[in-house]
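Everything on this sheet refers to the single structure shown next.
As written, the chains take the letters A, B, C, D and E, and residue 1 is the first residue of each chain.
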């Protein structure tokens, strides 16, 4: 049985990472932006796991595990902040939170 | 190879699901009526078109809690499998981990995240 | 260079006296401020005078009262304090002028609020200035050099005249930014020393051993020169000066003109010539012509002023032109002229600013016209004014005479044309003084406003006398002063020759 | 080459069996439920179609297939259909990691009666279980109807609460078995001569609670709450699309969760256990078929237990359900985990 | 089974190495428990408990300054460098703590979470300063960042606070994603997660390493606020509660720069060229941009935020010279900025307690009359940020100049002079306003004893450590030499 080549993993992860960054830049909805950052982090996970399979090591998977955990924490905090933004002012778009300028 | 079986099964189930979804469109009668595709409102005329408004923030909190605890579970799974080889050290590590988790749960508890108070100031306290 | 270690911490002490005084001012009630500052400035002046007794004139080229306190041994940064002939002169000037400035302030009506801060800043500035003139470590020199900015910023900004905030701001930015180049130059020297000898050093004596290619030397020279040219100032860089001097309170202008400008010329002499003799020689024609240009342009500006303070300020610029010209002529007479002019200008400009301040105290105006008729109603004041003015103009017997005369002499050593150019410069500077004289004594057809005011007396008179007396000492017995700095100048010249011949 | 062909055939057969279980058994369980419910309420239940209503599921299926295909006017069509896929596929995929019996030999080929004995079988189970939330949330959201949305939020809230609980509850058996593979968990129970329920009674109870909640069975069926929300998040679905949701939720999921419960706590296909001594098999006469029968028997018993509860208990409020999960069940599982970690060395060989 | 081999070599961790971290962490947990179990606990109790904990950790570091070694399979490294940075992190956290209670009381935002999130972020920051291992770095980085997001958002009813936090969160998320993606590439190159091993590894496909390093450093550049990755910083700093801003500006800077500084010695010769070029260009942009934009600010907090960006630029200038002298300069600058940045923001924190204080520039006019001592210390911080001797700001700038001259990066030195020249504009304007303008509206705030002590200590240390630079230098120099020793 042939293993999936590293290039495939890397390509996938790069594509997803790019999508994440693209989403952060282009999307306007607060939650979508947050999700895009999480997407980018998950792309890193794919890369790590793929590299691990390629090198037959385990360190990358541990890294991926930590990324999962901390990304979750970040998402939790992010959602909290978004909710409190929403409670203060009914905004949904990043265009609307530009009180501070200069 | 194990996963190939899984993949095949997944394909079969996906196909099945798609078939079952589309069967009604093929087999069912088509009798268009003006009101038939209105959302169900107990017969009362529709108040507003979108129901996708806000819901109780308790659900958000549940979501956040799930996020955190499920992830911590992901840390515990590897530990459960190799616990045999870790000995006392593994036990202490796990104990600390669980302790911290319990603290997190306690925190959510004390801060009222688990009580569905139907008032505004849950997050703020 | 030879260093004579001090057995007695003279320089630290004379720096600590004002600092200690300022601490006392902070701690004691405001009504003691005047007395304390007067007392500590006087003490440090006395210390400076008495240090002349211990100064070994036979070894005036050596650094005497030398002491070293390491700050960062690894980089060889340390508090290296000492006086050679040149710094000795500047040290004397500093303590004298500081004392005079404080003496003047005691009766200055402009200084009527926040007295405690005022005297605090003056004492601190005296301490920093002593530090500037006695440091032999470039980094420490830079620290003191920068530190002198802070007191002056506050003095101009708080007790100055109408445009004080703008002037203080401008003054600080000009000097601070230009001196950043100096900082870069200083650290580059140390790094160069590291690359040559494998260890850092900021000590002047070590850095004398550095040698550079001409291009690199030129680059470093310019880094130093920018800072000092702004400080001195030389003409295109002078625009901060009229504002700062014009808006500062009298005592502030006195210290600014008499000492702070000397920092620039002193440093040019010490560092630009001392550390980069080849470059100095290379650039000599440019710099000399630049100096003469500076004299001429500044004189032109001076004549067109109607504000006395700005008048004096511009005249300072032109005097500084003499100093720079003399210095970069790079012969014995030139250096003598330059140093003498530095000292002389310290005295005369201080006195001129005090004259302006005196008039302002009486009439609340800096207009030239206010001086009209002073010869009639305030004879003592008029006499002092005349003495100062002639001294500044360079009449024989006046203090500036030697500076101008020797500059011409030294220029004569190169070509007569150059001497002629310097002479033209001297002529210009005579013109504006004569213009001042005209206003003072000849334009008295109209009724003077000075009728109802008393003449100069008391504290202010003694302040004037403290300046006028040395002016004539310089004019009449220049050898007293040549004794102090001649050997240092010769040493500097030797340095230049040695580098040129040996290198 | 032959091996590959053989294994392909075996995989094919296994998939067919699983399909039969998911669709056939799933469908027939509706009949079982209706009969059980009817008998609990002292009535006969469906009696018309076929003998004692045996053909009723078929008739129901046919009826559902010939309904008109409706779609709520303001909904999102893609998500609306995706919800069904997301409900059916993961729920049925769980069966891939359920071992129905011990390894046996047919025509010289050793066959494990499990589709894929992966070494992270339980992890796969939890992962697929988590996906169920998406189906629910999507269904409610895509319908764009208030009743559907409220129902789906309630259900999702419950499912995510109990997802955590069920995960932690399952950790006890995993520690004891030192494996995440479902097959070896059962094998370990047999080797250690111990059903894990004897050491994990608390975890088992918690697991059962969580199972009821996850499948939306009474007493945790607030997502439907007939009197309030009609049929909850499925209110806007019609025809076969409507039919699939209860099929998945009430039968396929219940069945798979029962099976996993049996595997984790009741020794899978092993016969009756006397702790640390051995197994007692009253069905020995069935020979090699006995493990399979035992497994089905246990699953069936657990399933019937669920049905029994469903038709006897009242319903709780949503906040009561979730706070029970977090305040009672989760701490219990924590304690159980530490306890298990302490006693685990006694069990290991 | 290889599993047995894998876990068979369990070493017992040398816990004394991470005693300071453990103490701070325990403090955090004690605070946490206090909050959970004792609902009526007064904030003073929280403050005292945290202060005691931090002081203990500080004492431990002070008493064992040369403790070094690594534990947890090289996941954690303690050396003089980390002890040195940690010392200042804890110290400044203590300072910030003194200002917290009254500030939050004034802003009606007395969340007890502040105390323990503060200590958790401190622990993460301490870990960030003491590891070569990418996993530890990642976890610590996330720890610091997440705590910062929360701390930024903890101001009741203040939209700016939430807005700043959200922007910080998103950019922080990108930065972490980039950094970890870089880590993935480096891992692919060397098959190891230890930065030391990665950067000394010789293997094929060197471009993976370069790519990884670039991503990794861009991640940190975002955290540091280097232009063009700075967008979040002014908003986050302005939105955050001011004590938190002080904390983020000082401890955050120490923490986020630490890994970058650790990489410096490992930049090999053939990397050095690219390193110098990229870092120096970023540095030039950062200092110019920060100062230019700060010049036109009307809000002092935002102005200081931009000045913080500019200071990142100065520090980056030192980093661009990956030599031992550069490292020393950077270390000195980091500590210097931590002290003076914290000081400047803490003065603001004190002033913001006045209910009508809006952080406008004009409000500073005549501050000298209403609060002479606060004005004086503010002046000293401004002068230090500007780089007037004999403050720490001056010494650090001089050291950066030395560094640049060492590599003959004249253009960067001139840009730095230009940037400093621009910065003169606003720093001196603030001083001029404070001391030389008349009072338009007297603001008076009563400060507590602790606040007074902290401000005095900070002011004096800014002056004294600058006048006698040998004190910090004697720690900076050996740490830098140690890092460069292979």
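The rule we apply is simple: contacts are C-beta pairs under 8 Å (C-beta built on N, C-alpha and C of every residue); 3 or more make two chains touch, one makes a residue touch a chain.
For reference, the UniProt names are A = NADH-quinone oxidoreductase subunit K; B = NADH-quinone oxidoreductase subunit A; C = NADH dehydrogenase chain M; D = NADH-quinone oxidoreductase subunit H; E = NADH-quinone oxidoreductase subunit N.
Bear in mind the structure is a predicted one, so any value in this text is a computation, not a measurement.
> Which contact partners do subunit C (NADH dehydrogenase chain M) and subunit E have in common?
A chain counts here if it touches both subunit C (NADH dehydrogenase chain M) and subunit E, and no chain qualifies.
> Please name the chain that ends up farthest from subunit D once chain centres are defined by their CA atoms averaged.
Comparing chain centres, C lies farthest from subunit D.
> Which chain pair is joined by more contacting C-beta pairs, A-E or B-E?
A-E
> State which chain is most central when centres are taken as means of Cα atoms.
Looking at where each chain's C-alpha mean falls, the closest to the middle is E.
> Using CA atom averages as chain centres, what separation in Å is found between subunit A and subunit E?
Computed from C-alpha means, the inter-chain centre distance equals 25 Å.
> Could you put a whole-Å number on the gap between the CA centroids of subunit A and subunit C (NADH dehydrogenase chain M)?
65
> What's the distance between the Cα centroids of subunit A and subunit D, rounded to whole Å?
32
> Express in whole angstrom the distance between the two chain centres, defined as the mean CA positions of subunit D and subunit E.
52
> Multi-chain contacts only, two chains or more: what residues does subunit C (NADH dehydrogenase chain M) have there?
Residues of subunit C (NADH dehydrogenase chain M) touching two or more partner chains: there are none.
> Where does subunit D touch two or more other chains at once, residue-wise?
Answer for subunit D, listing residues that touch two or more other chains: there are none.
> If you look at subunit B, which of its residues touch at least two other chains?
Counting only residues that touch two or more other chains, subunit B contributes 1, 63, 70, 82.
> Could you please write down every pair of chains that are in touch?
A-B, A-E, B-D, B-E, C-E
> Would you pull the subunit B residues touching subunit A in the complex into a rising list?
1, 57, 60, 63-64, 67-68, 70-72, 74-75, 78, 123
> What residues of subunit E sit close enough to touch subunit C (NADH dehydrogenase chain M) in their complex?
383, 386, 388-390, 394, 397-398, 401-402, 404-406, 410, 413-414, 417, 420-421, 424-425, 428-429, 431-432, 435-437, 468-470, 473, 477
> In their shared complex, at which residues does subunit A touch subunit E?
Spelled out, the residues of subunit A in touch with subunit E are 6, 13, 17, 20-21, 24, 30, 33-34, 37-38, 40-41, 43-44, 47-48, 51, 54-55, 57-60, 62-63, 66-67, 70, 73-74, 77-78, 80-82, 84-85, 88-89, 97-100, 102.
> What residues of subunit B sit close enough to touch subunit D in their complex?
For subunit B paired with subunit D, touching residues are 1-6, 8-10, 12-14, 16-18, 20-21, 23-25, 27-31, 36-41, 49-52, 55-56, 58-59, 62-63, 65-66, 69-70, 73, 76-77, 80-84, 91, 94-95, 98, 101-102, 105, 108-109, 114-116.
> Across the complex, what residues on subunit E touch subunit A?
Residues 6, 134-135, 138-139, 142-143, 145-146, 149-150, 153, 157, 159-160, 162-167, 169-170, 172-174, 176-177, 180-181, 183-185, 187-188, 191-193, 234-235, 238-239, 293, 296-299, 302 of subunit E touch subunit A in their complex.
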